[in-house]
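In the two assemblies presented below, chain A is common to both, partnered first by chain B and then by chain C.
Take a look at the complex of A and B:
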């Protein structure tokens, strides 16, 4: 039978418009806040595709499973293998999911126009695997459930499994589902592969158990052992991978820098921002020298958006479409600790953050208006007062308050206006 | 012998045995399988189709045992089976249904599609090829089922109650089709329709509870009729 004939009667005909509409709805809420890197676009597309196609394909699978059961294909003494019958039944649904995902990628591509790079194939492959697994689960359930029960059960049940864990305080569960809510990745981060592997393991085991459940023969004890054992295997392998992970499945990025030299200093930006390398260098290198002088430390030999040691190399972060003040502010705050120390409730070191940021930004050359917008008038006032002192006094003030940010036993000094 | 049952045992559930030890050779040609309700006619055809697996013993066609490693696909490709209830896949037309059955039987999609129309024409359903199965009458649906067994040119055709529930006109039409099928291969028909057995079939198998009561030429059944052995077979008029 020609493929178009088979596809005509498939649940995919109904599934495609529904899942495409839902996918575009999910994506349209997030596409505007995409980071300027293809990984974040890929994760957004994969998450949206899983959330849209998982439930719809599961429900469509349940319909197809019920259709084959009602058609008596189970006992038809077929020559074709069960795997071939299953594949032929689910092919139109999975093609529909793929088409929807490609549509999502096209939408993301428009938003990412001009950004170098490509979608991450591994992230997309795992998303497809998750969709295949839920389609198979629906198909297996459809063998035994009336469509009036199986279709809504798979539609709602799958959606709950995919969407609900993201709302739980128990973080590891969300990393098993495949729906990452677009939580990854900022430009200076990459996907935590542990989450991808865990999702793949869960999906493969679910697909395997579903296939065994659908294709088992009467009294096949080995099949029942597999059906019961595969979910346990999934948890045994996937849980250790993700149990220590936080809410976001991302880790710091270590590769993908584009570098150039300016006035003896190497300047590196993420390759997605390579076009801005020249202008960034013209701003960042003199600013780094001013900061080195102002803080009483040697000038760095490298200024980078990537990993830095804080001595020879300084780190800065400039958001997508950064303006000069953004670069200066990124460089200035890059000298401050990224995380506060773990102290008791009486710790007051955080009070130093605003004035230090303002003083560093002004030292780097940022305009007062820009600094006030970011730190507020109080911090700007404190920073301006310090700037009126001799350089050595400013260095002392900076070092003392930097210690206050790093240690629990040091209190901030002169961070408020009298 | 085209189909041979040797020491076959089969039970649907624990404690519910249909056959404990069945030995039967079904000769080539057109064979009618008759017997009272519940004697195992459908089970016998299911075993012959390899849709059911015997608990003991073996079924074979020309020496080919379907449940020996590597034989199942080859065996099933040789056998066409129309079960009692024709259950079309929702949404398919008659031709799509027959084409899908051909694909299930191992044909390529293109071959199955081409042959599906020929099979429908053979059962006089050509004009309704593009009608959805859900819109067909019971008799037409049975003919779709028959076309499904013919689409892949099976050497052995097994039909389970093909005329049950049909009106006299459709029965007559069906008998004509069945007779034509029998001319080109081996045919086993489980039936309660015992009218004109001698005209339609070459041989007959009479099943009783857990045993074969008669297997041989249709003419030999007359003696059994005289002994009252055919009592309890619905519709059996006592004439052969």
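Take a look at the complex of A and C:
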């Protein structure tokens, strides 16, 4: 068949504008709030592409599958393999999905202008795999279902599978779909590869089962065994990967730092923020020294946006647009425990968090207005009262209340105004 | 008549209607998240409003099944049969919504009427793609509609069965069922 006629007769001609409009609609709400890293942009594009192209390509597959069935592919004498027949019908739909995805990448590229890095090819590849799987599922359904039923069934069914798990309290289901909730990751986190592998496994097994279902011949027991076995295999492999995962598929980032030295202290920022390294060091290093003096701790040898132990290395964050007070506040509160201890009811240690944060931020050099905005006037008042004392008394107050935040048997002291 | 019912998949239509009613009763109020233009605007569409699309598709498939050329020359009033099948099923869904008072039951019945009406209208243009029209309309309403805002057009995602939300679905069904019959009601010209 001539190429133009072949392309024009495909359902992809109708699918392309629909899924492109859908993709840009899904992306438009999030592209302005992207993090300053390419992974977040890649996940947004892949998520929007899967959510838009999955149902539409599934429906287009159901249409094309029904066309092939109507054309008598099952019963006619074979001049080419079934895989080749399927590929020629599948190709225009996948090209449409790819074009839409590239458009999404171009939009993300504009939003990420100036941010070093590239889209994550693995995330995009898994998204394409998911789209292929649902398109093949559409072909399999189209072999037996009339388009009047197959097209809406695939459109709504695929959309439900992709969108509904986000509303479930059972978190592992959402990591299998490929939708990825449209968001991952902040710059200090990376995508949890377990979710990616699980999605790939589910997509490959779905694609395999769908292909077997579409291409099986009458009485082919091996094909039926595959159709029944592949979903079980998918669950057996994918479920253990995502079983223990939380609501979001991200884990702390450990690599990709750009470091420099300032006044004897090593300062590290994420490589995406390397241009701000000098400015950040001028804020963070003196603040770290003030904090070390104020809290009676040894000065850190390293202040970093990456992993830190709280002793030799301290953690801070300097995202784009952050003001000096924000950087100081992050550095100061980085000295506090990230999570409260597991105590029974009646634990009052949390009352110390606000005053301690305010005192640390003021000690680091943050402005009073910024501290008040973040901790509230009561915490600021308590912190200012403590700051009026001799340094040794301040250190005692800090250590006691730090203990109250870490332990269940210590109560906070002087954290409220009289 | 039995042959006509078998050809037009009346049993499948009944099963689809019963399954949809069961789904609406069991899990109709489950909200499925939908994307919105802003991140702050979190919204969901109840399953009860989406499920009737499948029942409507099965109904339209049944109504449009059968050999077109054979039925065109049939002695029996097959167009009336077809209109009756669709109208009866829609009426049955309304009765079920009234009798079985479940959340979103009336809205689900309204959507069945509306989806079927849209498909009936689309079938005037192209029969084998008729159900793509309500599916596309549903997706557009989910993305752009504002439930509760009182718009006349986003009835597929309006959970309230307010009378104003019935106007478009009822009009679509009425037009969709009446349009194929109109040429037969016109006075015939005699060829010379």
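To be clear about the criterion, the second predicted complex is superposed on the first by the 416 of 418 C-alpha atoms of A that agree within 3 Å, B and C clash if a C-alpha of one lies under 4 Å from a C-alpha of the other, contacts with A are read in each partner's own complex, and residues count from 1 in each chain.
In the analysis below, contacts are C-beta pairs under 8 Å (C-beta built on N, C-alpha and C of every residue); 3 or more make two chains touch, one makes a residue touch a chain.
All values derive from a computational prediction rather than experimental measurement.
Colleague: Assess the superposed three-chain arrangement around chain A: do chain B and chain C clash, or do they fit?
Modeller: The answer is fit.
Colleague: Considering only touches as defined above, state whether A:59 meets chain B (first), chain C (second), both or neither.
Modeller: second
Colleague: Of the two partners chain B and chain C, indicate the one touching more residues belonging to chain A.
Modeller: Greater contact footprint in residues on chain A: C.
Colleague: Quick one: classify A:51 as touching chain B (first), chain C (second), both or neither.
Modeller: second
Colleague: Of the partners chain B and chain C, which touch A:166 in the superposed model: first, second, both, neither?
Modeller: So A:166 only meets chain C here.
Colleague: Of the two partner chains, chain B (first) and chain C (second), which one does A:72 touch, if any: first, second, both, or neither?
Modeller: first
Colleague: Kindly classify A:9 by the partners it touches after superposition: chain B alone (first), chain C alone (second), both, or neither?
Modeller: So A:9 only meets chain B here.
Colleague: Classify the contacts of A:156 with the two partner chains as first (chain B alone), second (chain C alone), both, or neither.
Modeller: second
Colleague: Tell me which partner A:146 touches in the superposition: chain B (first), chain C (second), both or neither.
Modeller: Second partner only.
Colleague: So if I put the vertex at the Cα centre of chain A, how wide is the angle out to the Cα centres of chain B and chain C? Nearest 10 degrees is fine.
Modeller: Vertex chain A, arms to chain B and chain C: 50 degrees.
Colleague: In the superposed arrangement, does A:18 touch chain B (first), chain C (second), both or neither?
Modeller: A:18 sits against chain C, while chain B stays out of touch.
Colleague: Could you grab the smallest C-alpha gap between chain B and chain C in the overlay, to the nearest Å?
Modeller: Here the least C-alpha separation of chain B and chain C stands at 10 Å.
Colleague: Touching chain C in the complex: which residues of chain A?
Modeller: 18, 22, 25-26, 28-30, 33, 51, 55, 59, 63, 146-149, 151-153, 155-156, 159-160, 163-164, 166-167, 182
Colleague: Using the touch definition from the top, list the residues of chain A that touch chain B in their complex.
Modeller: 1-3, 5-6, 8-9, 67-68, 70-73, 75-80, 85, 88
Colleague: Chain A touches which residues of chain C in the complex?
Modeller: These residues of chain C touch chain A: 30-39, 44, 47, 50, 53-54, 56-58, 60-61, 64, 119, 128-132, 134-136, 138-139, 143.
Colleague: Enumerate the contact residues on chain B facing chain A in the complex.
Modeller: Contacts found on chain B: 46, 49-51, 73, 76-77, 79, 81, 83, 85, 87-92, 96, 99-101, 103-106, 109, 112-113, 116.
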